[in-house]
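These are the structures in question, set out in turn.
Presented sequentially are two complexes of chain A, the first with chain B as partner and the second with chain C.
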Partner chain A sequence: MSDLLEQFKRMIVEKNRAEVCALLPELPKNHSLDEIYRQAVYPAMNEVRDLFKARKVGVPELLLSLDLVRQSIDGLSQGSASGRNDRHVILGVIEGDVHDMGKNIVHAMYQGYGYRVTDLGKNTPVARFVEVARSEKPDLVGISTMMSTTVDKLKDAIAAIKRESGAKVMVGGAFINREIANRVGADGYADSAATLIEETDSVLAG
Partner chain B sequence: MKEILLEISQPDLGSVLRCLGYGHASEPHPEVLELVRECSAEALELPGMPGAYTLLPIDGIDPEGIRMQKGMIHSRKLADVARGAESLAFGLVSAGRAFDERLASADGLLGACVWDAIGTVLVENGVEQLLRVIGDEAGCGVSLPFSPGYCDWELEGQGLVFAVFPPSPIGISLMEGSLMMEPQKSVSFVACVGVEMKPENPCRSCTLKKCFMRRSS
Partner chain C sequence: MDQLTSMERVLLTLKGEETDRIPVCSLAIGVARQMTGASFPAFSTDSEVAAEAMLYANRMVGDDIFLCFTDLSVEAADFGQEIVYPTNTTAHPNYENPLIKEPSDYGRLQRVAPSSGKRMGAYLDVCSKLVQKVGQEQPVLGFVYGPLGVLGMMRGMEKLYMDVLEHPDAVKEGLEIVTDVLVQFVKDQYSRGVAGVCVDTLPASRSGVAPDAWEEFEGIYAAKLASAIGESGILLAHHGCGYSPYFKEVKKHINPAVFSFADLAEGCASFDELKQTYGRDATLMGYVPTELLYVGTPMEVVRECVRQINLLGKGGKFILAPSCEYPPNTSLQNARAMVTAAQFFDRFNAEFAEDERKAA
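Now for the complex of A and B:
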């Protein structure tokens, strides 16, 4: 890896906004978008997630890094799909719940790894999940909820999405664990943003 | 029901940082700290928080919970605390729609995360203010607040709390099915009122040692 890419990666991990901004215009002069993503952005995200998993940084620091990655992607790609992976994810918070912080973090994490994301927002009716999954044929639908009172809606949504679109479905949220995820019929479950990408890989490979 | 406009005071920095998940292991990044300070200062410009309460007599206390005219509060922990109480205070506090709008317009994910933590601290502070008002009016002691969905009181208890208030009290509505409150940063609670009541921490007798809402003191 070039010194420039190495430095860029390190500045994302260290959350040094000024340096990231200073390096951004230099990168495309020396590297393709694919190189920048695969050798700097994705490895930086991996390192940040490892630090988060090891509790060496907290959620706010994870968000700072994600924000720098988003800013970098916006600055570098300017609409180009180069460097993105070809996966498409639909995300939303199930109806009856308006807590969208977790879903927004998952959105940023997927974006950081180059996924195309369709975000249906919060308090999303089951019918809306099904309608969009049927029309957009995503690889994966991610449903978030904080409230245990939404569990019946969650179950309904998963069954309908799978039946109508054939997409895999992952769930996440405060009260959910692997046992509940299995019980409601989900294909996968991520306990935090730190494990999201590996779990997604595993679900989509299955 | 009595309504009161609660004051918004400077959110305590340590409390906001605890809500953001900082414990002993990690220190906040300088950019995070700066943002917390900026948003905390801006929070002082929000309108005051509406609060409401009503005091109701206790019909009886069973091992499984507290019997009230409007129904039963199913919580062994609260029943333990309520022994010796003369009445129950039902209370509501909300950071209001203005806070929800500020949260929704927060700059990026980190901004939303920080505003969310500040909102939690603000409404908890509002509950403390309201408990003092209730204690002053009753002229006796008040326990710590219990909220539906916490400890051993099921979230379905929200129905009973809202049943003692008129519809949409202080602008708070309950979402059908999920029992979530809108505005988002709202707290509903009951507290035991009586001469023997003290703000003792019920979490000390709870076995959920890693509970996010565990009160340490």
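Now for the complex of A and C:
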């Protein structure tokens, strides 16, 4: 790996926004997008995820590193770099819930690993999930909720999405555990950002 | 059946002395509004409605402790944060319109008098009403959301967490202002006659900031709340429903008499270790999963309660409670199941042991 890519990766892991911004214009002059992703962005994502998993950093550090990844991807590709692997994910927080920090972390994780992400935001009606899933035919729909008050809507959404689009559905959020995920009919459940990608691989392979 | 009053049972439990049964705190808050058909907005804003609903829910469930609480937006609302009051769920800030839009806004927060605030004032009225009605027989606990949590309601947790790293001094300015108001809020709750105050520091867990960051950004501020509660001579409880809560750091800064929790504490390998390490000085309160209360049958809840009483109830100093607020849109049946499990613990325990013996 070049010194430039190594430094870029390190600055993401160390959450140094100023350095990341300074390096961004230099990267495309010396490396292809593919090299930048494979040699810097993905390894940075792996390291950040491992640090979080090992409890060496907290949610703020995870958020900031992911924000720098998001900023880098947008800067490098003017927003067109997502979809570097061929998977497409639709994400949203279910109707009745406005807590979107977890969903935003999931968005950044997927984006950092090259998924194409369609983010429907928070408080998303069931009909909107279904409409977009039907028209965009994603590989996966991810639905988040923090609350118990939205579980019935979650169940409705999962049934309708599967019926109308055939997409797999994963769920997550503070109130969800694997038992509730099973009861609402989800194909998978991720308990944290640390396990998201492995769970996704498992669901899509199934 | 019960031989002690709730007050006697709870006080003996806190002292680590023998009781007739494990006390229960159902944390049936928002769900209580179903008792009178009250709406979520009325429950959050009308002290008469909230107090009446909580009283009836307690009579229905039969639990021992009142946690006087409506929702987490109370403090932020009186700083000027716009709050949304949905009809089908709990009140929350309008996150599209945060009061703290930029890091420089932390220092612009205005100190307010809690008793004059629309929401904190109404909340204090709920405390008064509950204390007047039941305060002699049952402990009524007040509640205060921790300083970092209150800032999160006015900034959005995601931005607040990044500000902690990128604009730490600005965040601390806000924490100083918020803490001053919360200290007065705690004193006002004491003046209403509550038996104790529960301090909620959600970020003190792996769902929040790292342990050292919690000490720097909330622990030292929460300690001021603890001092005010301690000076009042009332009980200090702590609630933290995050993943892997930081008991060690929480103990260092606020040393609560009660730990209400949802998960095994950071650094503990087992619940035995948790009990040995923290459950001798303090009373443990937990940790029936809210997910189970939502989807489980009453007998599944009873089984889990019996398991937890066996796990944490030995030697007293244990209060059976949900891991967090009882799910507000489900029935109260499983709250009642928790009390039933405590009341008939010996009988259920023997039956379940017999079931296991037969299965083996």
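By definition in this document, the second predicted complex is superposed on the first by the 201 of 206 C-alpha atoms of A that agree within 3 Å, B and C clash if a C-alpha of one lies under 4 Å from a C-alpha of the other, contacts with A are read in each partner's own complex, and residues count from 1 in each chain.
Everything that follows uses one rule, which is that a residue touches a chain if its C-beta (ideal position, glycine included) is under 8 Å from a C-beta of that chain, and two chains touch if they have at least 3 such contacts.
In this text, all values refer to a predicted model and were calculated from it rather than measured experimentally.
Look at chain A after the overlay: chain B and chain C clash there. Looking at the shared chain after the overlay, A:Gly96 reaches both chain B and chain C. In the superposed pair of complexes, A:Asp67 makes contact with chain B and with chain C alike.
Residue contacts after overlaying the shared chain place A:Asn177 against chain C, while chain B stays out of touching range.
Of the two partner chains, neither chain B nor chain C is touched by A:Lys168.
After overlaying the two complexes on the shared chain, residue contacts for A:Asn104 are found with chain B and with chain C alike.
Look at A:Gly58: by the touch rule set out above, it reaches both chain B and chain C.
Of the two partner chains, both chain B and chain C are touched by A:Met147. In the superposition on chain A, no contact is made by A:Arg49 with either chain B or chain C.
In the three-chain model built by superposing on chain A, chain B overlaps with chain C at stretch 259-267, while the rest of 223-231, 259-267, 295-303 or 349-357 show no clash.
Across the two superposed structures, the residue set of chain A contacted by chain B and also by chain C is 15, 17, 55, 57-61, 63-64, 67, 96-98, 101, 104, 147-150.
Remark: chain A residues 15, 17, 55-61, 63-64, 66-67, 95-99, 101, 104-105, 108, 147-150, 153 touch chain B in the complex. Those residues of chain B that touch chain A in the complex are listed here as 20-22, 25-26, 28-29, 31-32, 108-110, 112-114, 116, 155, 175-180, 182, 184.
Across the interface of their complex, chain C is touched by residues 15, 17, 55, 57-61, 63-64, 67, 96-98, 100-101, 104, 147-151, 174-177, 179-180, 183, 192 of chain A.
The touching residues of chain C, when paired with chain A in their complex, are 84, 86, 88-90, 92, 95, 156-158, 161-162, 164-166, 206-210, 213, 243-244, 266, 289-291, 294-295, 327-330.
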